[in-house]
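There are two complexes below, and they share chain A, which is joined by chain B in the first and by chain C in the second.
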Partner chain A sequence: MNEIFSKGRERYLLKNKEVEKGCPSMIERFFEARNVVVIGVSHNPKKVGHVIFRNLVRKFVGRVCGVNQGTKPILGRKLYTSIADAKNVELAVVAVKAEKVPKVVEGCGKVGIKNVIVISGGFSELGEEGKKLEQELLKICKKHGIRLLGPNTLGIYVPKYGLDTTFLSDEKICKPRHGKVAILTQSGAIGCLLLDMLGKANVGVSKFISYGNAIDVNATELLEFLGKDKDTGVIVWFFEGVKSRRFAEVLQEVSKKKSIIVLKGGKTKEGSRAASSHTASMAGDYELFRAMFKQYGVLEAENLEELLDYVKAFATQPLPTGRKVCILTDAGGFGVLASDVCQKLGLELKLPSKRLIEKLSKVMPRHIVLSNPLDVTGDADAERYETCLKEVVKEYDAILLIMLFQLPMLGYEVVERVARVWRKVKKPIVICSHGSRQEVFQKFEACGIPVYPSPERAVKALAALYQRFEFVSSKGKIC
Partner chain B sequence: MQKPIAASKAVKLLSSYGINFVPHKFCKNFGECKDFAKKHGYPLVLKAYSPRFLHKTEAKLLFVGISNQRELAKAYKKLAKIKDAEIMIQKFISGFEFMVGVKRDYLLGHFLLVGSGGIYTELFKDFALRRIPINAKDAKEMLVELKVRKLFKGFRGKKCNMQAMIDLMLKLSKLVLKNEWIAELDLNPVVVDEKSAQVVDVRILGDD
Partner chain C sequence: MNEIFSKGRERYLLKNKEVEKGCPSMIERFFEARNVVVIGVSHNPKKVGHVIFRNLVRKFVGRVCGVNQGTKPILGRKLYTSIADAKNVELAVVAVKAEKVPKVVEGCGKVGIKNVIVISGGFSELGEEGKKLEQELLKICKKHGIRLLGPNTLGIYVPKYGLDTTFLSDEKICKPRHGKVAILTQSGAIGCLLLDMLGKANVGVSKFISYGNAIDVNATELLEFLGKDKDTGVIVWFFEGVKSRRFAEVLQEVSKKKSIIVLKGGKTKEGSRAASSHTASMAGDYELFRAMFKQYGVLEAENLEELLDYVKAFATQPLPTGRKVCILTDAGGFGVLASDVCQKLGLELKLPSKRLIEKLSKVMPRHIVLSNPLDVTGDADAERYETCLKEVVKEYDAILLIMLFQLPMLGYEVVERVARVWRKVKKPIVICSHGSRQEVFQKFEACGIPVYPSPERAVKALAALYQRFEFVSSKGKIC
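Take a look at the complex of A and B:
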């Protein structure tokens, strides 16, 4: 951790020089700050200001201090009564009442803090009064050269440094470990759910960013930042609308480098009502976004469940380099359902080669069906799965493993056997399995192999991986 | 404010980018109509573009399938009465109808739409959309996205020329990229047969 700390610090100092030279973006500094102050720390353990402070005190590798009106220590830490007393602070997290926020941010500006996260709600989301407050806040930011994230946000969570400004208590949510998925969200509530879902699914997170009302730092800048972020490989993004004219270009550029999975809220909002041309009346707002997603290789999820399904696959599996899928199953009916979805989504169920059939028929019992789906039948054990899988991966681009753990012969040792093959091949493998005993699913996911409860969801995840491969491999080519 | 540009200007703009408009002529008098008829033969179409009417069909500014000089004279007489109108005579052609259009979003930029059904596109809702600029791959994908995609391979003896559509869409994309003032544009219908894709009607709304 200390090593990470010092590296981050060096990077930060470097960035600081760039800023002085007139570098326009100071977004990185939110995530690399090593000296953080929480303003509005509360004694009440259920209050937002307390939870944020506690999260940082417990986990943050950098230095954290608090500001509060009283002087009584909280969590054993001495507090300042004024921001002016806190020295060398790089990032301020503000959790005071909305009407007090402008004054507090002004105070931050005066002591030279350039990065501020405003957690507090009660701004434009409430109406005109709040809008005015936001404008006042924005003026203060411009005056002091402050970059402000929020207001009305959960802020950020960087597992690598334990930098957690959310008011989500670790006792109530399963926060993800460090990994390569970045979560970007307009809504704090969706953000909270995504964190918990990814935590449970053992998907690691590089950065969590909730940008709320985005009066200053907006989604476009954050996307651009994540596009360049070395820790981030996959970007998950929930949004309703965007504010920047640079958005389309940024989306296109970032998507060339990293997989982006989006969920859009507010799909039914009508486009321009006054449209007089046929084109304009058909091309509503949502249609425009969808067009860009398709064109720029961005994967769109229909709902939260689908979003999580895709993230699980993208976070753990390599992209397949072709469309040939093998379904390896011990459950005939599930295999048939999976075949249907494969065909519908353009995946190819190539029949096994002669070589493969010969090889397997020598070692397998006579009643297994050497076709595609390859049915290892209901008496299959872990060894039979492993033997088949080892051969099958040689000639297919992706594998769907269907497993009924309700059957007596199949034990949990299959997890390690499958994982062993998977680690060697660098091809996507997903599991379809359903049942009330969840431990084995968690075991698979702990190894980095995603599990889906239905054939449709498993195949959809594979198809999404393939779709991304097609986009990446055709990028720039004109046919 | 956005307002429609004169039809003659719109057609000129299209042709300067090599977009194929059906053989036509803007006529200042009936004599010019007769000359056009002599040169191209019947059936013909006569229509008036007026800044006061956005939709010609509804305002009865359109005469389709004119088959002789008597009908032509009658149509011309009616349209000549409309103030400030530009009258266009054009060859009557048939084929499968598409529409190609452009819409500008103030944040997201210009988008290109292709739909099947010409004036019925809004009814069928069979359309595909991409952001401008598009490349040939995008154009092809858009056409393949349409429910009528089979027409490009041939369906019951009818076939639409896919390459002609792709060319038209790419030219339009280029045109819009150089003319950011365009807010809305409809090429509707675009008549497509085995050999070509021809624009039959155009309307452009732009910044004032």
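Take a look at the complex of A and C:
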């Protein structure tokens, strides 16, 4: 443990030297802080302040200290009774009751801390009284030149440095490893779910940012930061409303460089009402957002599942360079459903070439259907899939593999056979499979090939990849 | 094992006496047969003929025998070398190569078997040659008065009697227990998936019927049979096309009595082409089907997942008698998403009454949001949910419970608390929850309360229940 810690730390300090060469922006400093204090550390292991402290003590490669009213150590760490005693702190994470927050932030300002995350809820989302608290907080920030993330937020998680300010226990959720997807979310709950799901699907995350009520640092600034962040390749964003005027301009710029996938909450009247008592934001006119997303090449998910489905594809697959899809299936009915969706979403089910048919008919049993869908039928084994796949990738832009592991002949060795072909061709391959046994899906996703539980969802993911290709190629840029 | 077998058998013979009082139709006899033969039993445990025989030997409460070319016993059972030696057989399950099927069915006819299931593929789905084979087969059936199910099918599964003619091994799929949902499917693969998913979700099945190419017994007859079947309360149907002219009339009649949930494959040009090489059916004009479903109160699922989502709700929940839904959530962002879908689907998010607000504000902490969504916030425990739920069910027609088990305070004891309230009120309750830990979802579903991984899917299921209520109440009939 200590070794990993010091190794991580070494890497980390090196990285920070690089940062010092440039001039990290005030936003960047949240994610590059090496000296963090948690204010409001609790002895009760279920309480927010305890979980945050524990997450940092266990994983953070930088230094972490805690502030608490008592002096009894927590998790073997000595605590300060006042923020005034903590030296060289760059980032403060505040988890005290709402009414105490202004005083605490004032204290941070006095010792020169410039980045503060306020986890505590109980502000404008509860009405007038909370709004006043927020105004007070803002004044304090301006006075001391503090940038504040929150309140009413989970804060940030940077897997690369183990910098985890969320109050989500590692025992209860499966947090993702380091990778290229950034999660930006207005809602902590949705963020928590996204973390858990991406962790489970073996999708790596560069930065997780929950911004909550966003009284100071807002979504537009964070988007702009992620647009420049070298570790981030894909941006996933859940929001209910935005406040900044620069929003449209920033969105357009970032989308030119990186794939952005959004989900908007509060699309209807009822939803907007719910949103306002949630993070106290105005949800705005949904139709305007929709038009903007379309024009700027931002991919909009209809719902949470679609969002996750898209992320899985964008995080792992290259963009297809054309719209010719081959469906390789062992189940006729699934092939039919997948064909419907391909047609609906503008993907082309080109029939196999004469050459391909000749080649495969020599080695395949008579009863397989050499069309598109290419039906390898219910008695297909791993070898039959591999043989077909190897030929098919040569003349298609993307492949949907449908596999029923309920059938007697298909074994898990198909995973390695498919992965081998995929690693060579650099074309998108997605799997559709479903059933009570999850272990084979995990094997596929551990190899970097996403699995979808229905033909519809698998085809939608392919169509989204193609849509992005069309956007970037029409702009003369490749992502 | 033996005891269970003989007990089941006793029950079974009793049931058959009842049947004998009436006059079971030729279709009914498939499901009530007490003496079954499998033709084409193989020694290879992966082969179709072996798996079918094993399923029946292990589970069927009636008598089962096998026919095979050799005489060596399989699974400890003596086999016949010819169907002519098998006495008193009521149902034959055929799993030999396509070209041998006509001769085998002829043999069945000669010994007086009137019900035959042909599992084998390799008929019209492969083209002209196969079509001729089917014609030949039909002639033989007519000559002997045989009713034939298939070919190219999984056959049937009747959990009540352990009558399982599918070649799906119990080790590979999680088959459902006895219950009130009938599955009718043109595609074996989709049927296999439906079985597995319903088994996993603890939804019971009355009859599973895969009808494949349907050269004799067709979907219309089977629908009609299920409409009268006492064990069946909900019918789930996947189809690509239909052949019978009586179809519309039968569908209308059955839908008056029982909830029918359909999914159609082959909706588009591409899909239809794929369908024709799959089960050799014409997919027909989708718009016509769509209009028919709407008029007859048949619920159409957009895709496979929606189908499963609807089944879970219809199999377990009563119909709501109004459209007032309450969303009880510990996650604001999820409440917002759910509100959007309620509004879109015509469910009403009535605000809580003054009485309800007064009652709850006395016992709840100040920071919970007493609106609709009713946000019990992220620190809610099982007791807080139960307290709110008990009050809320009094003034709403249906409840959506959103629960994030990733949050520190919420434990699994909430399942029993929710189930207790639900058992008393007889109103629909569905759960939205998601994450890497599946065990709590299984606990809910074991209690009969369905769990959905997203707010959208949960609300859609509630809306479908309400839609059915509207249909049956407008017809003056209650399902």
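We adopt the following convention: the second predicted complex is superposed on the first by the 434 of 479 C-alpha atoms of A that agree within 3 Å, B and C clash if a C-alpha of one lies under 4 Å from a C-alpha of the other, contacts with A are read in each partner's own complex, and residues count from 1 in each chain.
To be clear about the criterion, a contact is a pair of C-beta atoms (placed from the backbone, for glycine too) under 8 Å apart; a residue touches a chain by one contact, two chains touch by 3 or more.
Note that the structure is predicted; figures quoted are calculated from it, not measured.
When the two complexes are overlaid on their common chain A, residue A:474 makes contact with chain B while staying clear of chain C.
When the two complexes are overlaid on their common chain A, residue A:76 makes contact with neither chain B nor chain C. Number of chain A residues touched is higher for C, counting chain B against chain C. When the two structures are aligned on the shared chain, A:243 is found in touch with chain B, with no touch to chain C. Looking at the shared chain after the overlay, A:405 reaches chain C, while chain B stays out of its contact range.
When the two structures are aligned on the shared chain, A:291 is found in touch with chain B, with no touch to chain C.
Put simply, chain A uses residues 275, 277-279 to touch chain B in one complex and chain C in the other. Within the complex formed with chain A, the chain B residues making contact are 54, 99, 101-103, 105-109, 111, 113, 115, 119, 121-122, 125, 127-131, 134-138, 140-141, 184-186, 188, 203, 205. Listed in rising order, the residues of chain A touching chain B in the complex are 242-245, 247-248, 275-283, 285, 287-292, 294-295, 474, 477-479.
The touching residues of chain C, counted against chain A in their complex, run 46-48, 51, 121-122, 125-126, 167-169, 172-174, 185-190, 192-193, 196-197, 199-200, 238, 240, 265-271, 273-275, 277-279, 302-305, 330-340, 342-344, 349, 367, 369, 371, 373, 375, 377-378, 404-409, 434-437, 453-457.
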